[in-house]
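These notes open a run of structures that come right after.
Look for subunit A in each of the two complexes below; its partner is subunit B in the first and subunit C in the second.
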Partner chain A sequence: MQPTLRVNTFRQSLILSGLFVLGLLAVNLIVFKPGTMAVVTLSGLYQGMLFFLIAAGMSIVFGLLDVLNLAQGAFFMLGAYAGFAIYGALPAGTPIEARFIAALVGATLTGGLAGALMEIGLLRPLYARPVYQIVMTLGLSTALNEVVRAIYGPAGLVPIEEPPLLATTFTIAGGQFETYRVFIIAVGAALMVGISLLLQRTRLGIIIRAGVQDSEMVQALGINVRRIFTLVFALGTAVAALGGMTAAPFLGAYPGMGTDFLLVAIIVIVIGGMSSYEGTAIASLLVGLTRATAEQISLQYFNTPILASVSILLFMVAVLLIRPNGLFGRD
Partner chain B sequence: MSALLEVQDIHTFIGQFHILEGVTVEVPANGITALLGRNGAGKTTTLRSIMGLNPPARGAVRFDGQALHGRKPFDIAQLGIGYVPDYRAIFRQLTVAENLQIAERRRGDLAARSAFIFEVFPDLEKLYQWPGGQLSGGQQQMLAIARALVPHNRLLLIDEPSEGLAPVIIEGMMAAIRRLTDQVGVLLVEQNFRVASQLADHYVVIEDGKSVHTGRMPDLLASPALIQKYLSAA
Partner chain C sequence: MTKTSRPEGLLGLGLLAVVVLGPYLFAALTGTPDEGLTGLARWQSAAAAVYCAKGLSPIVWLLVGGVVVLAAATLAGRRLGALGAALDGARGWYLVAVAALIALPFLIAAGTNSSACSRGQAFFWQAIFVDVFTMAILAISYNLMFGFVGVVSFGHAAFFGLGAYSVGLLMEHLGWPWWGAVLGSLGLSIVIALIKGFVGLRIRGLYFALFTLAFAQVFFLLAGNRLLVDITGAEDGFTFAVPDFLNMTKNRLFFYYLGLTAMVVAFLVVQQLMRSPTGRVLVAVRDNEGRAQMLGYNTFQFKLIAIVMAGVLAGGAGVLRGLALKGASPEVLGLDFTMTPLIMTLVGGQATFAGPVLGAFGLHLLEDFLRDTVVTLGGVSINVGERWALILGVIFILIVIVFPYGVVGTVQNEWRKWRARRS
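Let's look at the complex of A and B:
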């Protein structure tokens, strides 16, 4: 006796995703020189991982709590600013490596703590009121942008200094690529695997997967679902803040930096199939690769990066035409 | 000795609707008590009120002498009450094994209970790694009851276990439920009167949100007039 049905639809989703990847690689092969292609692929993975760090928490929270957290981008920004604050607060002689690690840890904790406070203080009264949630999460996001603008000014902060080890570039097939962006890819990949193991192998993961379907029954089994909601929400915002801090040496920090990423993250979640974790992970990378490819084509032939954002929307339309519920969506 | 579960004159509202208007039920520590009544009488709502899923506005629920008033459902469950809802609530994306693991309240609950569970429901052992969503209706019902047996529960609330099952499956289910009664008390909602009458020692009849009659099952069976009065379809 072997379970087959679910495995088959899952496999179809995987095959479809694989076809999209092959299509993108084919376009790359035809249009670019090998060096450019390598850089575009790495750049796509780099962008995709940043999208993933924002979208992962959003999609799990959406599945479990039925809340689309439109403030998730603000937590990304919060992470970057927390990183700057920690860099500045450490005593003068602290080595860059120590500052960097302290900033990563501190930003993650800040994001998690702020997320927990938001869930307990602002979101709890609004469960089962979707419109209020949209207004609240969007309003909180705007408010955080303004707070940051008021404290640090509208111009944004220059990028954080990277540890010397990562502040190098390397050559791949004749193309130049920054080591730091590979570090971002590695952080994203580690979290992708880590979250997957959390969902599949731990008791918390079982509770999350069950709660997505029927949180009332989970509660009737003796599990304090409220506490799980807070924990999961906080984990999601912590990962987004870690993403913001990880990106800070590259992007700097500026008011509204999360908003651009938020929009892409929502598209990623839709393409992946709303509450599917696998879908979100794979869609992040697909969107990153699509965007990087379109950006390079656009620069190469039209001298403007304009196609980059358009390409994501076109990609979403293409996926939804084939799969109205997204790559890994159910029903 | 007082009963394991005492439900005293509870009133429950869902939204502005006054659904339960005085339900009183007692369940002894061993044996099965059947909750009888026509469709829409308030049987499911009574179970949900006990679990705290629809907390009663008035009246009292006591489990093992403790008042359940003001406790959250997870807290009530942790006292030792297992709930098997009418829709079974099997987690479709979880394997049978995970559906059982999630019910653990202490590490090792499942390991300690799996031999008993597989003895009562041998099918579940074969299906252990299957996704819950691929089980048949009867298998899902077995899993729902098994899940309530994983932690050390002293009371099970079982809602319509025979609903939608083939007669031969129902026989197996009845045998299984009967086997549990030396370990737990059972409050059983069952529309199939043949099933209810063969399983239960006591019964309570609910009509329009009120408990109107209670007694011992053999007395009910001996009285066509009572059956006619409370349970005929009209």
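Let's look at the complex of A and C:
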């Protein structure tokens, strides 16, 4: 497609997304009381950030390696469980803040290391057979779920203790909201900007973006693309594991948690347009807001959260019908 | 070779018809139908008397003898003249397999010293085999999409689960007769497949796989939701009554043959489809869709045909499952019923006719045999039954990496190489 045309579609999609958000907010304004509306919007952002943490890695990895990593949800879960393990392993006197930070760092490292091992050991042999890669990641996701079930049992673990600083709630326009969820929004936003800077401003970022365009050409320029693949894959899984650990004080940890989030993450990257980082970032917020709004509406009128999941599925189908390659996808 | 010279499937069906319907005919001619019962069930009790009469050994020996003769004729192949030539190669083994499955309930009964028609070991294994047949149909259907047409679907459970749900709902809530409910469920599968095809096939490759995943998940969520609790029973599912002759608790042997027949039919449908000109085009679409389009084929239509076929077969498997369990719960719509046929197809060998069936038999029976086994490795003891999903996951990854053609595919490749070396 012509470059000018592409810029135009990009701008169009941006405008479309903006209009969609405005529409959602308008619906919010009409249907809910101001307090509820503030909580719904914040909770939409919070969900959107969690989705982003899983989807970001999937989208970049897909752009660069052409692998859809369906095990990404399992890494999210892995992060939560690693956090629990670190919480438990530290000596009894350690202050909660130290435990919390150690768990965040430890979970991220665990996720990154496991991701690197997976790329080297399981994905490399399969680059010639793309369909098998996606099938393999699905199998790995099942296996990881079962390993966790075997070690920790089928019941979940109760949420870990959050640092006292974050364990409060505050009032916004008459609605109650937990400080910890704002912390999750902050972590997500920081990573969103951080990854964007990494992609736009660093040498590694340039290589990654070039690789998304044409990885053979990058290799021809004398860059070890294989090593970049491993690095990017590990980065993606590390971010997902960090997401899992960040969510652990809120959601706890249970064997199916990865799959729950994976499905939404898939919807996010499909809406955003598979390999587009900006698309994923915007789509995760759109999906988060849609989900939160639909959830509240459905709770208010039908007394069940059913619309939460159904709404985003319908959203995806609608986007695909208008744009078969997602909002910001390439042809 | 033309299509008409491949009679093995029809022979297999004929064999089934004789064995399953024979006792009915016999009962109709000689027996005294039970006056307390009505409809088919009347004749069924009379037929059961033929199957299960004391001192059944003549029938057992007849069946076993038939299997042995068939197997011998197949082995002898062309050396045996016309009959052997007709049985030469794979087609003979298909027939032997069908004949062996027909004889199986009686063999188990003889082996475990229980009756094929009353509670006991034989009864227990018949139920397991009904499950195996169901999964085999599902795997055959999955293979049609994944193996032959190259369309990856992660939402096959939608068809399976909807089959199980709709047959029950139609009978229980709308009061349809059993045949109406079965036909209605299959019709629903067609409608769903058409919707999925018309909407989904506009989306290419990976997007389609993800679309199907989301599509199936909608039904899973709806089935488990309290919103429809009066109809579907939400997460507990619901149960329904089936007519006596279809009741697996009462007429298990009949249900066993019903499942076997359904599996053979599904196998035949896919085999005949893939050997027809339509099937050739489907394979061409898998290998190179652009080229097929350049040759003037409307590939959309052909893929739609495949989706509808696969949808009906998977829906049929779901109907069988629903009838066998006399109920349905949200798990039949869950990811497991997409993953399991996928693994079975891969293990058995994708894009082969026998592969998915062998995969289903192998994996399902293995799971049942190993259910209570505890393996101790060093200091760690593993309960195989409890960890089955984990073991499957590992097998799955290994197969994908080192054994990509599955059992049947690898054997076929080696066989071809061996023959090429000989000639």
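Methods note: the second predicted complex is superposed on the first by the 323 of 331 C-alpha atoms of A that agree within 3 Å, B and C clash if a C-alpha of one lies under 4 Å from a C-alpha of the other, contacts with A are read in each partner's own complex, and residues count from 1 in each chain.
Criterion: a residue touches a chain if its C-beta (ideal position, glycine included) is under 8 Å from a C-beta of that chain, and two chains touch if they have at least 3 such contacts.
Owing to the predicted nature of the structure, the values given are computational and were not obtained by experimental measurement.
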{"item": "Side-by-side fit of subunit B and subunit C on subunit A, or clash", "value": "fit"}
{"item": "Which partner, subunit B or subunit C, touches more subunit A residues", "value": "C"}
{"item": "Touched partner set for A:V131, first subunit B, second subunit C, both or neither", "value": "second"}
{"item": "Touched partner set for A:L313, first subunit B, second subunit C, both or neither", "value": "second"}
{"item": "Angle, in degrees and to the nearest 10, that opens at subunit A between the C-alpha centres of subunit B and subunit C", "value": "90"}
{"item": "Contacts of A:T142 with subunit B and subunit C, given as first, second, both or neither", "value": "second"}
{"item": "First (subunit B), second (subunit C), both or neither touched by A:T304", "value": "second"}
{"item": "First (subunit B), second (subunit C), both or neither touched by A:I267", "value": "second"}
{"item": "Partner chain in contact with A:T259 - subunit B first, subunit C second, else both or neither", "value": "second"}
{"item": "Smallest separation in angstrom, by C-alpha atoms, between subunit B and subunit C in the superposition", "value": "17"}
{"item": "Contact residues common to both interfaces of subunit A (with subunit B and with subunit C)", "value": "none"}
{"item": "Subunit A-facing residues of subunit B, complex", "value": "51, 53, 72-74, 77-78, 83, 85, 89, 91-94, 98-99, 101-105, 126-127, 129-131, 133-134, 147, 151"}
{"item": "Parts of subunit C lying in touch with subunit A, wherever the complex brings them together", "value": "150, 152, 154, 199, 202-204, 206-207, 209-211, 213-215, 217-218, 221-222, 225-227, 335, 339, 342-343, 346, 386-387, 389-390, 392-394, 396-397, 400-401, 404"}
{"item": "Subunit C-facing residues of subunit A, complex", "value": "68, 122, 125-126, 129, 131-132, 134-136, 138-140, 142-143, 145-147, 149-150, 259, 263, 266-267, 270, 274, 302, 304, 306, 309-310, 313, 316-317, 320-321, 324-326"}
{"item": "Of subunit A, residues touching subunit B in the complex", "value": "1, 3, 5-6, 203, 206-207, 209-210, 212-214, 216-225"}
